[in-house]
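Shared between the two complexes below is chain A, which has chain B as its partner in the first and chain C in the second.
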Partner chain A sequence: MANSVASPATDGASTRSSREADGQRKLLARSRGRFRDSPAALLLLVPVLILFGIAVVFPLIDTIRLSFFDIKGLGKPKFVGIGNYIKLFTDPAFRNTMWTTLVFTVSTTFFSVGLGWALAMLCAFAPRQTLPFRVMIFAAFGISEAVAGYMWIGILRPDSGGLLNAVIGLFSPGFAQPWLGDPRTAIWALVATATWGAVGLPLMLCFAAVQQIPKSLFEAAYLDGASHWQVMRNIMVPLSMSGVRVAVFINLLGMLRAFDIIYILTGGGPVRSTETVGYFMYRESMTQFKLGYGAAATVILLVAVLIVSVPAIIQRTAGAR
Partner chain B sequence: MIGRVPRWPTVIVGIVAVIWVIPIIGIVATSIRPLAETSRGWWRIDEFTLTLSAWQRVWEAYPLAPALGTTAFLAAVATLGTMLLTPAAAYAFHFLKFPFRRLLLIIIINAFVLPQQVVVIPLFQLWREMGLIDNFLAVLIPYVGLSFAWSIYLVKTFLEDFPPELVEAARIDGAGPLQTFWFVVLPNTLNSVFAVGILQFLWTWNALLLPMLYLRTNVPLPVILARINGTYELNWDLQSVAAIVTTIVPLVIFLVFQRQFASGSQARTGAKE
Partner chain C sequence: MRLLRRTLLAAMAATALAGTSLPSWAQDLSGELVILQWQGGSDGELWKKLEADFTAKNPAVTVKELVVTGQGDMRGPMRTALLGGEKVDIIINTWPAFRAELNDAGLLRPIDDLWASAGLDSQLDQSWRDLSSTDGATYGVTYTYGNRSAIWYKTAHLEKAGVTPPKTWDEFLASIETLKGAGFAAPIAMPAKYWAHGEWFETLLLRTGGVEAAAKLAAHEIPWTDEVVKTTLKKYAELLKAGCCGTPEQMFAGDWDYSADQIFTADASNYLMIGMWMNSRALNDYKLKEGVDYSIFQFPAMGLGHDDTSSVDAKEVLVTSNGTNPAAADAFLAYMVTKDAADILASYGYASPSKSADPSLLGPVQQVATAAVAASKVQFVLGDLLPGDLVDEYRVQLQKFLQDPSDAMIDEVTAAIEAKAAESY
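== the complex of A and B ==
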């Protein structure tokens, strides 16, 4: 600002070159311009900044702060430094939770993107005929996690009234596996349910990527005598990878955050075998009232989410103009 | 695709699609057949009767009607809030100059990575101190506040294709930044604002975690469904009706606007091809 205030005086001095004066004037205009819109911007942004501050900035900082305290219910918080984190990593339940999170997140992403991608490749051969089928599969994505969980409870019922047991019962009569009651199968029941809902998006994204491939490319390939298999392997597979990347990221992020589907389907059980970090923090803080401990688990979840999101954050930050 | 369309890909996709809708058919069938017939499996047709008895009894058995009202109210207010505030902020970030503009923008559009678990503990304590537990504001504030992380990005990305000449022309004609927003930019962003509204509506209608923690007396449908589900009563017919009531509105909206949803959830999670 000091520069621009001085500039009118130097403008008059004939010893200064006109080029420099011009530069000074531009600087003046720019520095005025920087604040020119401030009142209007403030007016438009104030409600957004207040709500964003309460709902995002404050909770983020406060969660990190609370993770250094031992808080039991309404008792007085006691500063424990990294005590909560040390406790987390020596807690067998939390170590099991991290393993469950890894298995659930990676397998659900793998199965949903793999299946969605494969279906998109098949749909690309007959886009019009498969439209109703794509809508049917995509519909599962439109059903909330809570309701999806409820629907699958019916399928996974432990008696022969559960569809899965009934279907297996066709081949081995009397088969009755308590899918949700057995720690070995409960996690896979959860993966299956989450995959059911999560296939729609990869399908749509990969299908859109394939649809963007110019038709002339296919025509040229077929004219040269390429088989369907060759067209798929050499054109559709490599050119659909943009959709796969986006879908992998979205589903990884979604599964790390999962809560509703676990709450409804298994409630974290049996014997805490289906608790992910996102569910563990809820259980510790909201049912056991160990707020500081829950906050520390939330910070671990946050770190996992940030690691997965690094490429997206770089891309968004670079693109922010 | 060119000339010779093979039949088998369509057949495979069709089989998968049929398998995919079985869970949906299951709860519909359970809801319209007597419990006695479906208790050993809703697909059994040795006896087959259609009845709307569950659909009639459910309103007595569970507080579904008030929950439906609560859900619709919360989703409507949160959606309107986001739809009103987002375009103003996106316009300010895209066309106006003010200090810390880029820093604020980077913070807001990157907040999309945050899981909702982050707000759980701090807001629980804050609402308890302020006496806002069981007040609709306790969920409406985070609903709207969290939405900006993706909604502003979505509308601002849309504005990047907006001709800046129009804004400059308005400025030269003497319109201030607010007038330019109201008369020139806003009318042309309605498409993207509408897409934001649909996403926000679906998200708030389906929300379970925050209302379950912050509301007590008037709770939305997903919370009711979770409570019913936790009781272990063997009334699959009533529960299925409750599940259908919970999901039918967002599902229909989702299917009608599925295009916007596919591109929108991409913006929401940050990835752009």
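== the complex of A and C ==
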């Protein structure tokens, strides 16, 4: 009898061990099933694999290959090994672009996600009434960056004809700040422009996350006498974090690769103050046609994107089977 | 039968010999002529007219434009097309450095034989041939050129301030002071956002060191730290210290088109140094009357011994080595310097270097510009002669100079450009 009574710990261990064995058996059975289905599965996968190979794997491998060559214009490629990478990290212009990329990416993500999240919280209190408002904000996310860029050129014009200067001019007549011409303000003008375009997605993601919260939680909180502020702080904020995480991930990736808005608004200037890695890559590859050097910058950017995305993907898909 | 065979063979040999002895452009032309086209707008229209006139003269030839599009430096899209395997007969080019690059890649066919057989000497001076030559061989035919040492102004502004177009450097500096007194805070519209702030440096360099120094600098036969470059920048600094152009932030805020707006629509500035394409903008966009509402004057004399110099740009047509219709390509090159082509160019406000061109067809501003070039020793615009990565560094360093035109900064920026030049050649 005494032997039949196990301590909770022993009992738990034996149950765990039995579950593991059971799990292994199921996994083996599924694997056998997979092997049985494999010819058909592989056949069905072939078109996708071919497309993936052409659209993703080949360009990726070719870019890495190019990064080991010195290619100038239409001239013949010359193998330089890791020469382009060594040159990149000793190039003050590239080092400057890494810092600018960091400032631009982090700031834009911070402002767009922060603003989007805050708006989502407010909208959640009156979802129906704020629908047109949410649609309008999200519409900016759908506008092409090129179109948005030209629109913002009009807003940021350096003379008093620019919308921003004109508005400030109402309080300070004759005000004319060259927002894009001043290296101190140009990067922040870009951050503002990119934030304007990006805020719609965090708003929708965070709003959707709030909508997922069971209504019973709110009802219980209000029945217990909680105020709006307490409901927001103790229920909405913590339970909307899944949306915030996705928004941060998507924004970081998008801003790391930002190019269009920079190309149109500042062209990387003045004095390279707004040149990000994405723009540097374009300048080296397309305007100077140093394809090898540009490819090396692309690989560095790819590594940065992987550093951001791999942990996020692992975390997001950890529970998936 | 044997006699017949011999006769036939002899006839075939004679035909073949006759074919090779004739200049290819003089043969009956047929087939498709492919032109790599990167110009749009009114320049694109001009090309359509030229092509239509050429095909009217050669009805068996059809012209196809392989159009590449982009913004800014169009060499990128052109390279992409050529590297992608596109085959064209004609390339329109405006960058001598790009001609050398195409030649190094084996894409160009020399036209020295064509020059002789088509008698192009009777249409173009040797200087134009030299301009289209690389490593001693001729590759292109220049069909238009522009004065890049002219300063554009709105006549009403100068009249209002009581200023006449200045002829000397001192008069020019004095006019800036006068215009500021008349209420124009920044008399020179300086478009320093991308590249156009280099225009002032390039003409100042010519007037300081002459075409020889400019050519040596372009070929890196003298360093960027040379005294002639520093003296040029000190002259540039005189302008900036005279308060010519507003703050550096204002200069960085716009490209040449924005600067043109500041003069011709906003009435905020007075002088703009830019190429002859400004004429088309003034006529078509601002609807101004050439020579009445606006005009140009040649860069003022500096008294440094090189006042007979002018910076020019030019466009040429090149024939490719892998084109499928070389005969039509040769004929097209010869056509581009005929009177008919020059007349079409003039109708769009462009000057032709052809001896058959009629200058009276040009508007008054173009006549001033072409007369100034004719009276000058010319040097191709420096920015188009430098290697790509160097020209980028040169423009960025000039932006730094605009922020701080001190002697110390001159030393710093010339050293930075020279460091880049050392690895670019």
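As a convention for this text, the second predicted complex is superposed on the first by the 260 of 321 C-alpha atoms of A that agree within 3 Å, B and C clash if a C-alpha of one lies under 4 Å from a C-alpha of the other, contacts with A are read in each partner's own complex, and residues count from 1 in each chain.
Convention: a contact is a pair of C-beta atoms (placed from the backbone, for glycine too) under 8 Å apart; a residue touches a chain by one contact, two chains touch by 3 or more.
All values reported here derive from a predicted model rather than from experimental measurement.
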| item | value |
| --- | --- |
| Which of chain B and chain C A:A139 touches, first, second, both or neither | first |
| Touched partner set for A:M286, first chain B, second chain C, both or neither | both |
| Which superposed partner A:P158 touches (first chain B, second chain C, both, neither) | second |
| Contacts of A:S242 with chain B and chain C, given as first, second, both or neither | first |
| Most chain A residues touched (candidates chain B, chain C) | B |
| Partner chain in contact with A:L190 - chain B first, chain C second, else both or neither | neither |
| Which superposed partner A:L306 touches (first chain B, second chain C, both, neither) | first |
| Contacts of A:G269 with chain B and chain C, given as first, second, both or neither | second |
| Intersection of the chain A residues that touch chain B with those that touch chain C | 161, 267, 286 |
| Chain B-touching residues of chain A, taken from the complex the two chains share | 33-38, 40-45, 47-49, 51-60, 62-63, 66, 115, 119, 122-127, 129-130, 132-155, 160-163, 166, 196, 199, 201, 204-205, 208-209, 215, 218-219, 222, 228, 242-243, 245-246, 249-250, 253-254, 256-257, 259-260, 263-264, 267, 278, 281-282, 285-286, 291, 294-295, 298, 301-302, 305-306, 309, 312-313, 315-317, 319-321 |
| Residues of chain B defined as touching chain A within the complex | 1-3, 5-6, 9-10, 12-14, 16-18, 20-24, 26-27, 30, 39-43, 85-86, 88-89, 91-92, 96-99, 101-102, 104-111, 113-126, 141-142, 144-146, 148-149, 152-153, 160, 176-178, 181, 202, 205-206, 208-209, 213, 222, 225-226, 229-230, 236, 239-240, 243, 246-247, 250-251, 254-255, 258, 261-262, 265-266, 269-273 |
| Of chain A, residues touching chain C in the complex | 73-75, 158-159, 161, 178, 180-183, 266-267, 269-272, 283-284, 286-290 |
| Residues of chain C that touch chain A when the two form their complex | 72-73, 75-76, 79, 82-83, 98, 101-102, 104-105, 107, 192-194, 247-254, 262, 266, 268, 388-389, 392, 396, 399-400, 403 |
